[in-house]
Structure formats: C-alpha cells, structure tokens
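Each of the two complexes below includes subunit A, the first together with subunit B, the second together with subunit C.
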Partner chain A sequence: MKHATIFFLYVSQYMKTRLTYRVDMAMEIMSDLLFQAVNLIFILVVFGHTNMLSGWSRDEIIFIYGFFLVPFAIFGAFFNIWDFNERYIVKGEMDRILTRPVHSLFQIILERMELESLFGMITGIAVMVYAGSRLDLTLSWYDPFVFLMMVIGGAFVYAGIFVLLASISFWSDSRTSIMPMMYNIGNYGRYPVDIYNKVIRFILTWILPFAFVGVYPSAYFLGREEWYGYAFLTPVIGFAFFGFAIFMWNIGVTKYRGAGN
Partner chain B sequence: MEKVIDVQSLRKDFKSHSSRSGLKGAFRDLFTRNYKVISAVKDISFTVNEGEMVGYIGENGAGKSTSIKMLTGILTPTSGTVRVNGMDPHKEREKFVRSIGVVFGQRSQLWWDIAVQESFRLLKKVYNVPDDVYNEHMNHVIESLDIGPLLDKPVRKLSLGQRMRCELAAALLHNPKLLFLDEPTIGLDVLVKLKIRNFLKEINEKYKTTILLTTHDLTDIEALCDRVVMLDEGQIIYDGKLAKLRSNWGEGKQIEFQFGEDVNKEKLVPLLNELEAEWTIGDRPNVFVANVVNEEHVISEVIGRVVAAHRITDIKIHEISTEEIIRNIYEEGMLNG
Partner chain C sequence: MGKYIEMIRIRFLMMLAYRTNYYSGILIYSINIGAYYFLWSAIYGNKGEIEGLSVIQMTTYIAVAWMARAFYFNNIDREIAQEIKEGKVAVEFIRPYHYLMMKTMQGLGEGIFRLSFFSIPGMFIVSLIFPIEFSAAASTWLFFTLAIILSFIVNTQINLLTGVLTFFFFNNDGLIRAKRVVIDLFSGLLLPISFYPGWAQQVMDFLPFQAISYIPSMIFTEGFQGAAVYEALLFQVVWAAILIIPIQALWIIAKKQLIVQGG
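Coming up: the complex of A and B.
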C-alpha cells in the first residue's frame, strides 16, 4: 500500500517535470514510433521475397512483433536501467539510495522510469489487431486475462535479465558493453525460434529467455498448439527470472563498495 | 546515558586487483589475478552517547567516509560489530535508516528538477511521516533555516548555500535521533555557515539529536563539538575533548617580530639563552618568529630582550590554531595524544 502511494507520487512528479519539457517529450515519442515503424518495414521487406518463414506466414510474424512491443514497452518504461553502472555505482548515487527506507531497486525503478515508452503498448496492440484481423483470429472471454498474464510474464523476463546485468556492477564496476549487446539479442525473441539453429533456440529459451517475450506467448493467440507448453510457461519463467534477479540484486547490495572519494 | 553508536573493532577491507605491466602481464592477468587487500578501516572502536556532538576528522583517505558509510548501512563491514540506535545498520537497513538523517555535502538528497517542497512531499511519504508531526516539526525547521521563500523553486535554481539549507531540512524531515553530516559547510560563505551552526546547536538542545560531523573546516568543529575522534590510516589516533587536544598540543605561542634593521639568525640566537624558546625564520625579509611556551614570564622576557637589542617595527602574538595542532599531530603521527 505504501509502495503504491509512493509510486503514484513519483508518477505525478514525473508527469509534472515532463510537461515542462514538452518538446523533449514529443521528440521522444516520435523517435520511439519511428523505431517501431522501421522494424515493421524490415519485416515487410523480408516477406517481399518469400511467403513463409519455417512455416510462419507474414501476418503471423507481424502479430508476434505486435505482441512483443507490449511487454517491451512496459520494460522500457520501468526497468530500462542500462545506465545503472555509470549513474549509481561509478558516480556513487547508490549511497543516497541506500540511506532511504525503501527497497533500493524499487527506488531506482522510480527514479529511472520513462513513461513515454508506454505508448509502445498502443502501437503493439494496433499491430496485433491489424495482423489478427487478417488472420481471422477469434477471442474468447478469457483471452484478455491470458494476454495480461503473458505480457506481465514477458516484461518480467526482460526486467529480470536487465536487473541481473545491472547487479553485476556491484561486483565489478568496470564498464562493459553487455547492455547494448543484450538489446540486440532481445530482438531475436521477436521472430519464431524455429528459424534459428538449435543452440540459439536453447539459449533464447532457457538462458536468455527472450523467446518468452515474443514468439512463445504469441503462439497461444495464433492457435499454434505445438507451442502451447512453452506459451503457458511464460509467466512462470518471467516470475522465476525476476525473482532470481532480485535475489542476486539483494546479495549485490551487500557487496557494494561505494564510490571512492 | 544511552549509547547511540557502539562500534567494536570495526574493519573494512577492500580487495583490489593490481594489474601487471606490459602486454605479457595483461595476458597473465586474464588467467590469474594479483589481489591486494587494502584495509580502509582497521579495527576501530568507539561509542557515542545520546545528545553528543562529535567531530569526526581525518585527512583524505584516513577512513572517515568508509566508516561513516558502515555506520549508515551503506557498506557492509568486513568484521567487527556496529550497533547504531540499537540496530545493525546493514542488516535491517530499511528499518534502520528511518532513525537517522544523512547529509552528504557533495551529493544531493533532493530532486534536481522539482520544487523543494515537492521533494519534501516525496520524502515525507518515503519516511511515512504523519501530517500533524510533519507540520509542527517542519514549520519550525523551515523557519529556523529561513528557507520559506525557497520552497517553490526547483533545486537546480538554488545557490549552493540555499541548497545546503534545504538539504539539511530534508535530512531532518523525519526528526531522526541521529544525524550524520559529511562536509555540510563545504564551499559555503561565512553567514550561511553561521546559520547552519546555530541551527545544529538548536536542534541538539531541543531534541537531544546526536550529531556526527565530518568536515575539513575545523572552525565548524570548534564551534560545535566538545569531542573529536581523529582518524589516520584507518585507525583512531585521538578520541577525546577538543579542549584537551588544544592544551596538550597547542601549548606554545608564536611571537612574530618585524625588525627595522638587517638581522640574521646568528645575532638573534643568543637572545633566547636559557629560555624555553627558539627562532624560526619568517616568511618575509627581516621577519623572525620566536616559538615560546605559553608562560607569562617567558613571553615578556623574550619581548624585553629582543626590543632592548634591536629596532622593531611590528610585533604579533599568535596562538597556535587547531588546524596547526592537527597538522602537527599528523606530521608526527602520534598515537593516543
């Protein structure tokens, strides 16, 4: 309860500051939209040359992309802590966080949130509706709830991986290029995993489970029954990864060395 | 009296790897690394009672920040025990930090882009302070620190002195029993410093707030603290009254003579025969300083003899400042002064 009130206070503060920099905000939303459009065009170009990719049609792949955008937007809004190392460890801002009576990760999420990213959800849903209508998908009454679970699961997968990476900074504060690389790997989850070779498929399922952000949960809505097992694992994997990440974070905090001064 | 801080043989080691030189060395580093263990804080023990104001001093790298960070729960100690406000800071961090206030002079607690009062509002929620307690306590704080007119300005538009006063108010928002101040007056002008000092004295009297103060500005310590804890190379080299430190180490006085004629040390030395005094050469031509013990007859004897023998244009008598005392202690590296 207390966390919820703190959350909404931060959100309202965030909106207040953002509204004073209106141009910045508009630019950010524009560039997000542009980025999504480019990705969509890429898919269309690929399908200009072929009709099927390992048994997946163009509209199915567009649907997967649309689904992916929704958990990715939530991740981008709250867990995008790629600059954690530099900001909080090297500059020592973590000191300040640790003198406040709220869980450190929660505070950092609140300080680093970028609510503009949530617009990506709208794009994602629009893309899904477009692809879905071309595929004649029908919805049951429980599908919205399943959708919610899948989205939360997918967002937690992403969040878990990035929180784990951020936790590494507690042990070693040397700068690494893992974060940008991870964004690229994350993109692989947008395409059906059976187009990749076995090793990559295994990695995307069990080690860096990005497949649970895109393909697997979408398979459920596309009625691909052969993938249902994986589809329903999405929330499980999400909670497991996120839980593990928080566990490692908590250990990491005790290893925090502070910025030298 | 109740112990607010109780530290027993507290130690913090940092492991850092030292890289070998050259390309070959870099290759070897890939496989086996040389670790060096550096002890920032070496088994220190001390206690602080309720209502005390303690100056915590030491040169850069003496272990001040590291020990303060262990006391505030930011760092985990390597060994030893810390009890602050009856809690183990890093184990019960979230509960513990409610009972302390922290001001790091070089790091802002406030949000840069939003108005000061909005920052206060967020912190009030974070610390869960009830409205009535907040209003009564904070109105007083805001008035004493004279920050009322600043409340609706964003922090980035405040001057350093204004910001510092707001930081202090933010740290006291939940009326903590114990306040850690790390360099709270760094870079501030005299008037703001005085205001902050008076305020600290006031809350110390009113709420019996215990204050642990680190600073490079010893005038802060002289103005506020009865007791000092001095660190050097991770160990406590002095813990006791500031006054005692002064009387043990600051016994002498310096008499500075500006001569109206050319003199040299050979001519002057015989003048101090059989007195507890000696000459050092001053920083300008024909200026010499006699370092003497602080006894009336010695001082007058020295002045009398010098004035009788030479023409003088100016005399100054200096008491040795706390700063010099501390510099002397560090230079001599004395233990348990």
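Coming up: the complex of A and C.
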C-alpha cells in the first residue's frame, strides 16, 4: 500500500514537470512514434523485394515487431537505468537513496521513469491488430490473459538483464559501455531467430534471452506450434531473470561503499 | 584560418584522451552490422541480386555505411542547444570567431579522430568477420574520399540548423531526436535509397538526406558507375551550398532576438 501511494505521488510530480514544456513533450512522443515507424518502414520496404524471410511472411514479421513494442515500452518507461553507474555511483547519489526507508531499486525506478514511453504500447497493439487482421488470427477468451503474461515476461527479461548489468557497478565503478550495447543486441530479438546462426540463436535464447521479448511469445499468437515450448517459457524466463537480478542487486547494495560527494 | 585548425587539433587531442571509450564503440557498430548482415542474408535467400546489388555488395554497403557514420556523425546540435540553454552562448558572441564555424571545426576534429581510431580499425575487424569486398580501383577511393567529406559537410549543416533552432524553441531535445531518426532512415544508412518504391525515391531526390550516407556507400560498393558518380557528387555539392542559406538566415535572426536566461 505504501509503495502504491509513493508511486502515484511520483507520477503526479512527474506529470507536472513534463507538462511545463508541452511542445517539447509532444515532440518527444512524435519522435518515439517516428522511431517505431522507421522499423516498420524497413520491414515494409524489404518485403517489397521478397515474400518470405526464412519461412515467415511479411505480416508475421510485422506482428512480431508489434508484440516486441509492448514489453519494450513498459521496460522503457520504468527501467531507465542505463546510466545508473554515472548518475548514482560516480556522483554519489546512491547515498541519498540509501538513507530512505524504501527499497533502493524501487526508488530509482520512480526517479527515472519516463511515462511517455508507454505510448509505445498503443503503437504496438495497433500494429498487432493490423497484422493480425490480415492474417485472420482468431482470439479465444483466454488469449488476453496469455498476452498479459507474455508481455510481463518480456518486460522482465529486459528489466532483468539491465538491472543485472547495473548491479555490476556496485563492484566496479569504472565506466563501461555494456548498457548501450545491450540496446543494440536487443534489436536481434525483433526478428525470427531462424535467420541467425546457431551460436547467436543460443545466446538469444539462454544467455541474453532477447528472443523471449519478440519472436517466441509471438509464435504462440501466430499459431506456430513448433515454437510453443519456447513461447510458454516466456514468463518463466522473465521471472527467473528478474528474480536473479533483484537478488544480485540486493547483494550489490551491501557492497556499496559510496564515492563521496 | 589558423585558429580554426587549432580548434580541430584541440578537439582531436581531447578525444584522444578518452580513446578507450571507442573500443566498445567498435563492438557496438559490429553488433549492428551483424544484425543487418543476417537479416539481409535471409532477405536475399537464393536471389542473386536485388536492385543491382549482390549480397556481398549489400554487406559491404552496410559495413561502410556504419563506419562512415562514425566520421560524419557528431553531437554539435546537442552541444549548441546546451550552450544556448545555459546562456554560455552570450560569451561566444563576443569572441573573435564565428560561433557556428567553431562548432563545425570541433565536429571535424571529432570526425578525424573517429575516422582514424574507429572507422579504419573497425572496418578491418568487420572485414575479418563478414564477407566484404574492397574496390581495387584508385578512382573509387578518390571519389569515396570526396563523398564522405561532402557528407560530413551536409550532415554538419543539418546539425547546425537543428542546434540554432533552440534559439526559438528554448528546449528542443525532441526535435534533435526526431532529426536523428529521420537521418537514419532517409540518408540510406538502414536501406539503400534504390530499395524504396519509386514515388518515395522521387520525394527523396528533393531532400538532402541521401547525400549523407547513400551516396558515399554506393560509391564505395561500386553500385554507382560512370556518370552516376559525378551526378551523385554534384547532388552533394549543390545541397552543401543550398543549406548555407537557411543557417545564415536563422543565425542573423537569432542574434537579433537572443534572450539569455542566466549565464
């Protein structure tokens, strides 16, 4: 209950600060939309020259991209911790966080949230509806619930990987560029894993499981039964990675020495 | 002129001090090139060529497009926006140089640094991993050199334009981000312009963006032959000249109505 209250207090504070520069906020939402459109345009242009991509049709690829946008939007809204090392460790901001009686990761999530990213969910669902209607996909009563589980699983995969990388800063505060690199590796998950070689496919499934954010869960909705096993693993992998990340974070916090300020 | 060369040198040395950051940058670019390599291999499937480019030419295109990006890319739009917001720009006005020229030179210093410590070693590493073809003709290399210099000029001019617009919008992070996305798409970094449907290609002929990435990359992969090379270079020169007009106009207006919020 306490956490929920704090959450909404932060949200209302956030809205106030963002609404001060309305034009800029509109531009930011526009540029997010544009960014999502770029990838869509890429797919559309490419399929002007081919009909199949390793056995996947144009609309299926579009559907996968649409699905990917939803968990990614949730991740983008709440887990802006790619600059955790600089912002909290090097500048000593972590000291301030640790003096307060709420879990440190929860505070950082609240301080760094970017709620406008959530618009990506709407784009994602719209893209899925478009592709789904062209593919004549049918929905059963339980599909929305499955969708919810898959989305949460996917968002947790992303969150788990980034929290885990952020925890490294507790042990070593030297600057690394692993986090920005992860965003680029994450892009691999937007396309069917069959186009990659075995090594990359293995990495995307078990080590940096970005395939669970896009192609695997989408396979369930596309009725690709050969991938169902992986599809239903999505929430499991999500919770496992995120749980492990929180565990490492909690150990890391005890190792934090402070950089002075 | 001497002072501007000095600015290039200083920025170069500044970048040199932080060169370790660039090793990971090469890795990031290689990851991106890899993603597109696999994607394009799947797209080509059994097709020998699409729009006149073979799969090896396409891989080369992607690799050179990303590595050339390291040269022409800079953040001077963000820097200008920052200096305007902080009011530092007021001091810049009284210094004995042209502010925009100074920013361009800093961008060039950065570009030369990245070309020598990022693009060239990066291209070497990438060519070990992926099948890439280098042209043997000296003329191709000469035209390519010209083309990336012009692509630096056009890209920097677009950055100056976005940066100077901060004088009017006060806070234009959104515009800067939007510009970056537009450039990635319409410059030919992600997709060669010739892959777009005909009507889109016609629209893009009236925009400067393909001067940034498409033209140098096509010259490098020898996708352009004969007269097409000269036409492409002319396209770049014309846009480099045209873009001076709006920059100068905005700069003059901005100077007249400058409001400094602190500083």
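Here is the rule we use: the second predicted complex is superposed on the first by the 259 of 261 C-alpha atoms of A that agree within 3 Å, B and C clash if a C-alpha of one lies under 4 Å from a C-alpha of the other, contacts with A are read in each partner's own complex, and residues count from 1 in each chain.
By definition in this document, a residue touches a chain if its C-beta (ideal position, glycine included) is under 8 Å from a C-beta of that chain, and two chains touch if they have at least 3 such contacts.
For clarity, every value in this text was computed on a predicted model and none was experimentally measured.
By the touch criterion defined above, A:Met181 reaches subunit C but does not reach subunit B.
Shared-chain residue A:Gly92: touches subunit B; no touch with subunit C.
After overlaying the two complexes on the shared chain, residue contacts for A:Val23 are found with subunit C alone; subunit B is out of touch. Taking subunit A as the reference, the larger set of touched residues comes from C, when subunit B and subunit C are compared. Residue contacts after overlaying the shared chain place A:His3 against neither subunit B nor subunit C.
Shared-chain residue A:Tyr196: touches subunit C; no touch with subunit B. Once the two complexes are laid over each other on the shared chain, residue contacts for A:Arg100 go to subunit B alone; subunit C is not touched.
On the subunit C side of its complex with subunit A, the touching residues are 21, 24-25, 27-28, 31-32, 35, 38-39, 41-45, 47, 50-51, 169-175, 177-178, 181-182, 184-185, 190-191, 195-197. Contact residues on subunit A toward subunit B in their complex (touch as defined above): 2, 5-6, 9-10, 13, 16-17, 20, 92-96, 98-103, 254-258, 261.
Taken together, the subunit A residues at the contact with subunit C in this complex read 21, 23-31, 34-35, 38, 41-42, 45-46, 48-50, 52-54, 175-178, 180-181, 184-185, 187-188, 191, 195-197, 200. Across the complex, subunit A is touched by residues 14, 65-66, 69, 72-76, 90, 93-95, 97-98, 100, 102, 104, 106-109, 111, 113-114, 118, 121-122, 125-128 of subunit B.
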